[in-house]
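There are structures below to look over.
Shared chain: chain A. Partners: chain B in the first complex, chain C in the second.
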Partner chain A sequence: MNHIFFILGIALFLNASPSSAETPEEKGLAIALEDDKRDNGYQDFTANLLMILKNRQGEESSRSIKNKTLEVEGDGDKSLSIFDKPRDVKGTTLLNFTHKVGTDDQWLYLPALKRVKRISSSNKSGSFMGSEFAYEDVTSQEVEKYTYKWIRDEEYQGEKCFVFERYPVYKNSGYTRQVIWLDQKDYKILRIEFYDRKNSSLKTLTQTDFKLYLGKYWYPHKMFMENHQTGKSTLLTWSDYEFRTGLSDKDFNKNSLKRTR
Partner chain B sequence: MNTNLNNGFGSWVIRFRWLIVPATLFLVFAAASGGRFLGFSTDYRVFFSENNPQLLAFEALQNTYTKNDNVMFAIEPKDGKVFTRKTLAIIEEITAASWKIPHSIRVDSVTNFQYTWADGDDLVVQDLVENAPSFTDAQLKKVQAVALAEPLLLNRLITRKSNITGVNVTINRPQKTITETPEVAAFAREMKDKFQKKYPDITIYLTGVIFMDNAFNEAGEGDMKSLVPFMYGIVLIIMALSLRTFWGTLTTILIMAFSILTGMGLAGWSGILLTPISANAPTIILTLAVADSIHILVTLFYEVRHGKTKYEAIQESLRVNHQPIFITSLTTAIGFLSLNFSDSPPFRDLGNIVAVGVMAAYVYSVFFLPAMMAILPLRVKKVSSSQNIWIDTFGDWVIHNRNLLFWGMIIIITFLSIQIPRNIIDEKFNEYFDTRYQFRIDNDYVEEHLTGFESIEYSLSAGESGGISNPAYLKKLDEFADWYRKQPGVMYVGTLTDTMKRLNKNMHGDDESFYRLPEERDLSAQYLLLYELSLPFGLDLNNQINIDKSSTRFTAILESVSTDYALNLEKSAQKWLKENAPPEMASHGASPLIMFSHIAMRNIDSMMVGTILALLIISAILVGVLRSFKLGLISTIPNLVPMFMTFGIWGWLVGEIGLAVSVVAPVALGIIVDDTVHFLSKFRRARVELGKTTEEAVRYSFHTVGTALLLTSIILVCGFLVLTFSGFRMNAQLGFMTTISIICALLADFLFLPTLLMKLDRLSTKKQVT
Partner chain C sequence: MPAFESLARRVILPLLIAISLSVTASFTHAHEFTGFVGGEARLFPNSALHIGQEDDSASLMIQPEYYHEFESGSSFTFAPFYRLDSADPERTHFDIRELTFLWLKEDFELRLGVRKVFWGTTEILHLVDIINQTDLVENVDTEDKLGQPMANISFARDWGTFDLYWLPYFRERTFVGKGGRLRGATVVDTDRTQYESGAKEWHSDWAFRYSHFFGDWDIGLSQFIGTSREPTLLDGTDSEGNAVKIPKYEQIKQTSLDVSFVTGEWLWKGEALYRTGQGNDDYFAWTGGFEYTFTRVWRSQMDLGIIGEWMFDTRENDANTAFENDLGGGLRLALNDAASTEALFGWVQDLNSSARFLFLEASRRFGDHLLLTVEFRTFINQPADDFLFEQRDDEILQLELAYYF
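And now, the complex of A and B:
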């Protein structure tokens, strides 16, 4: 992770509690930094992801993806998404380098073409596999991708929460802001409300079924995204989390894409 | 009828006049206070009942993909060139600003079109135009070539001449409040004004479903605001000229207002949302309510002029008129109530509101009017009864020329009836509004110069999850698109196959020879996945592919075509699918065009049932009232003849029947039957009670009700003619056709019914003699 921010984060955190001189913006950033800090150090993980899509007409469809993520010091994470279902895209693999600043790098391996294609789009804010999750929702959430503002503290689902807003720095983002409910004890994101470009309520993400890994990382197993404008929804179910599996940089490059299973 | 009861009723009203007046005011106030709940609907979907099959099909399509309600900016640069740095920069600006339109979920333009191309092994996906002012001439040329070669843009957002371009904004209204549509419309208009002012070198036109919906709202409100006062003015003039009484006119005006307030107020209480159709109710109630008062006042003044006291005259007028007024109000209400058979809720609302208003008018006319007349001063010059001489002369003329008139009328009726088949069903819903609405002007221009307003859409299933990548499915889809593009009147076809071909080309280093459908299923699916991962917010494929990737949306945009043509086109499309495509691909076209086309047909069928039922009920009532089965049976002839004449004249003059015209029959029936009731009840009284001969009875009928019938017909004609000034075509048609039917009814009752009565009477006398 970026050391300056890391130190700054600790400093702010220590400073956090009752200090009245702190502006809402500073407090918001402090919360985000602390959240980021608490997420650090997992090294790598693999997990399976099941997506269930629903539309207003009541139709349902599912996708399943195997996910591998590698923590990167000083920059955004690297990840591999190996598509398993639908059958037609089985083996298709997405390699993703998240960056703290600038657009992420993405490559897609197409087994039917036996080629790796770089996704060369500066505006990847669209739907992820037809779901209600945008690409920018599922990619690694780096502190630098937003600016922050603390709004209030409140009880949410029996947990004491920070409620804060974050504003995307990315100019092509589909959102003007997101409102986040983060529990103060474990820093679990319980709920995010997304507001579109005209600042209308667009969708709401609720995260549940949190489990503790390695004694310090809380991961949600269910992420439910509901689009209030179109009536469509997507449920992500995570399973089979495995941490520190020994993945390394060489598992996450263009050449490794074709080999990945 | 019961003379004593009505006599008693008259004196009862006079006795309790000081009670009746405040009680009426209280009732009116109570009913009218419901008016605050009234609002104007701002959604064309109100024309369809909840379980209308075409509406359900269209809703299903929209729920599977996305809504297709839209706002369309058509931008025409004055130099006629879209692909210039200046114009493209403006389009970019309008595109960006359009995302801020309330409830917008997608914006499509030539500038934000997702242009794909190959850069070595990379698939580049980007806005076709970004930062236009920095473009070189070569870039401008290239962009133009790309846009014109793109099936998804040509004739949709760009013309072949590149002189007009469109920015299409998809709007997804939550449909929770009726203010959503005007909000969107106002926002878009403000945008237009702003850009128009900032860039005088372009002209902006605004169209789209939102503006059509908003025009419904504006039309209803506009009609109420302009036509009702107009109608009031006309009635005032006629009353003043014919009755020459200040207090009588004033009271009649009050009764009309009370009847309207009651009808509209109760509509408010029952939660009816107004449409341009039901917004006609005040004008129609006003027109119908006035007749009741006229009948009562005409008799009242006649009696006073002939020496009776005011109270005696009131009693006599009620005795003579109470029953006919009740019967005519009842039959009119039945006619309007039969609109409940309509498949289209606004017509049901209109029927119910008017029925309530008409019955309220009856109640106020027999209680409030005489009570007020008893209270108010009455000054009448005693004049000789020479006034009525002309109608007697006319009656004599009819009796004299009965043979000529009888056969003449038969010939005219037959001639007109033959014209009925000339009517064809046509319903152009975007032409509901005439050119006094900006929407119509703009839309006409856009239709003529850029793209069509009407469409037919399909959800074409591949029969299995992920099946849209199946080469066989894509091939069929492509053939269907080819077939559709060949049909006359089709401007544009939007389908997934064009995107698939383009991607295939991109994936092969932009080699033109690969501009064809991929041949393997997994390849197509993976192309799509790659493409989807590259698209920006709001421009994803969810509007054309369902979530299970088992079906795609197929859109054909049509020129302004007739309903008949559209329905036939859709029918042949289905036939094509049935003959050429696998069974799972079979699909019904859905769109507002299809919905409106079907509802006209459905409504004509259902109104046929409604009219027949109304006719049966009304005839049964007449049999009871006239206490003669024979007269009741005869009455159906002058009730039906005007219908045949009206539809014949319509077929001859206009020839197009739509939703509005289909409801004319029951409405007109309820109104024109009044003439028959009045004429026949007087005829019967003369024959049975006074023992007169048929000829004398006819003369008596003319003498007693001829003037009143003529007067009320003139008022009715004026009232419905006023509707023809509506900028909303359905109202204008309804008004025009009802006017024709009222005139025909008067002709039938004055020229045909008496001669028929005399003919039939002679037949039965002959029989009795032999």
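And now, the complex of A and C:
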């Protein structure tokens, strides 16, 4: 913890005096902290998401999921992912407590048996529902989960961007590094390139159709993940975002896991 | 069974109609109509051992589900089930799996109606799970349950969740009839059922449960007082003088604990119970073990899980269970592909004899709506005194194709 406060202190200091000489690592962290700061305070949201999975032959299959997320002060978010389609897994629900430090807590509800099962969250690099998104891509992104390094500034799709790298510090990640394109005005993540454990190019995520919520938060509505090694892709489309719906801790326990639809 | 059907006709259906009418009249928030319909083939490579049994069988089943959520978060659920079987009239049956009104308040959740509740953590034997009766004609894995009428109030607090259950009506276990496979030599006659309690199936049963999680630990502490879900089978005769087994349901008290502990890729699980009132002697039983998952094996998207569990019952060979001192193992493979292909292979070895039981369960989705499930079970080296000896030739391959809507 002290270590984090120390880094935070440096970052705040650097933010306050941008002219001082900062290393690429310090600049990378400062960007991530600013991004996190801009993301804070949304309290909670609900949204629907549709995943279209496409294989190398172009065959498609889809999944639809409802999501509820609660911001937790001082720790990672709590979330519920409720599967709606395909119908044979309807009602299957994942409860996730993200932690800034250490492993996340996860429970899975299996509606046919009415069973709540504690599951291991160490499967970070595993596929989320057969898609090209890994669990580590869809769970809450916390500053503490990576170290950072600023690479360069460049124009990307007409927006002035920071290009920086982040390196997972948690165990069992499928990545050595991620290269991120973040627009300097609104701090929208426009593109992430993922490199596997052997540092070969694995996947590229492009995020588009951003909308502004509560006058402050930019959320992408389309997230397209392309796997360069398998030729498969997943398009994730978000809809029906609702913020500050009044969700509380009570909506994210094992009881609510059993009843949420 | 007939008692439940008449209960269904006289009480539950009118109630359902009344609720549906009030639902349509009130402000509506969300309606959902889902469920499945399917067909099943059961193939037995060995010919039937007992008189009256048919070799193979086919059946059809349907389970629609209606769900309505009110603006307040309270909800109503109705899920009836029906199976039509070619070989066994006892397997042709109707059940209300769920007919529940959930009243969601700030401080508690109250559920009234028929539903299913699961307790426990282990994979091979569900030892402490007791609220619902097993719908044994559905599958020998005992994972299918009959809907249990109940009132359940649940309090979720920072210190844990406390549940109180009042179970006013008892459901009898279903048993395979004369025509069906996977039964003993003597059929169970459910028309001659006996109860220890004079109130019979109307005895009020009670249960309490405290459950919570502490970091990597999940625990559940439960108490059940009432009619045992497991009958003691007595020798008797039916109205025509044929030898039958007569189920007798005793009054029991059961205290149980279930735990799970997660660390890295390891999941450790345990269940234990102490029961009085079943037979002459009080007994302990426990089961426990681990599940370890290798992710992305063979540089693919696949996950491979290894399961190991031990089952023990202090009644040993007198236990009316197949798992009196057994070691079980399993391999669970999840392909993580678009079709959600999964397979679970398992074996259970009796530690007191050479008896062994092997099973394979696999499933794969076709398109968006069809799910194919394949199950294979076989019994090896059953000694004459084993619980499953009379089912020794009932090696089974079961294919099920279901359409989910």
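Miscellaneous remarks
By our rule, the second predicted complex is superposed on the first by the 241 of 261 C-alpha atoms of A that agree within 3 Å, B and C clash if a C-alpha of one lies under 4 Å from a C-alpha of the other, contacts with A are read in each partner's own complex, and residues count from 1 in each chain.
Definition applied: contacts are C-beta pairs under 8 Å (C-beta built on N, C-alpha and C of every residue); 3 or more make two chains touch, one makes a residue touch a chain.
The structure presented is a predicted model; accordingly, all values stated were derived computationally and were not measured.
Overlap between chain B and chain C is detected when the two structures are superposed via chain A.
Residue contacts after overlaying the shared chain place A:N55 against chain B and chain C alike. Once the two complexes are overlaid on the shared chain, A:T237 sits clear of chain B and of chain C alike.
Of the two partner chains, chain C is the only one touched by A:N253; chain B is not. Looking at the shared chain after the overlay, A:T147 reaches neither chain B nor chain C. Of the two partner chains, chain B and chain C are each touched by A:S127. Shared-chain residue A:Q43: touches no atom of chain B or chain C. Look at A:L108: by the touch rule set out above, it reaches chain B but stays clear of chain C. More residues of chain A lie in touch with B than with the remaining chain of the pair chain B and chain C. By the touch criterion stated above, A:Q229 is placed in contact with chain B alone, chain C being left untouched.
Steric collision with chain C, judged by C-alpha atoms after aligning on chain A, is confined to one stretch of chain B among 2-10, 56-64, 110-118 or 650-658, namely 110-118.
Overlaid on A, the two complexes show chain B and chain C touching the same residues of chain A, namely 53, 55, 59, 61, 86-90, 113, 115-123, 125-127, 130, 172, 174. For chain A in complex with chain C, the touching residues are 53, 55, 59, 61-62, 85-90, 103, 105, 113-123, 125-127, 130, 171-172, 174, 250, 253-256, 259, 261. Chain contact summary for the complex, chain B toward chain A: residues 60, 63-64, 66, 99-105, 119, 121-127, 172, 174, 465-466, 469, 507, 520-527, 529-530, 532-542, 545-550.
Contacts from chain A toward chain B in the complex involve residues 53-57, 59-61, 83, 86-90, 92, 94, 106, 108, 110-113, 115-130, 134-135, 172-174, 197-198, 200, 229-232. Residues of chain C touching chain A in their complex: 30, 32, 34, 36, 67, 69, 75, 102, 104, 109, 115-118, 120-121, 143, 154, 156, 161, 211, 213, 215-216, 218, 260, 262, 264-267, 293, 295-296, 301, 303, 336-340, 365, 368-369, 371, 402, 404-405.
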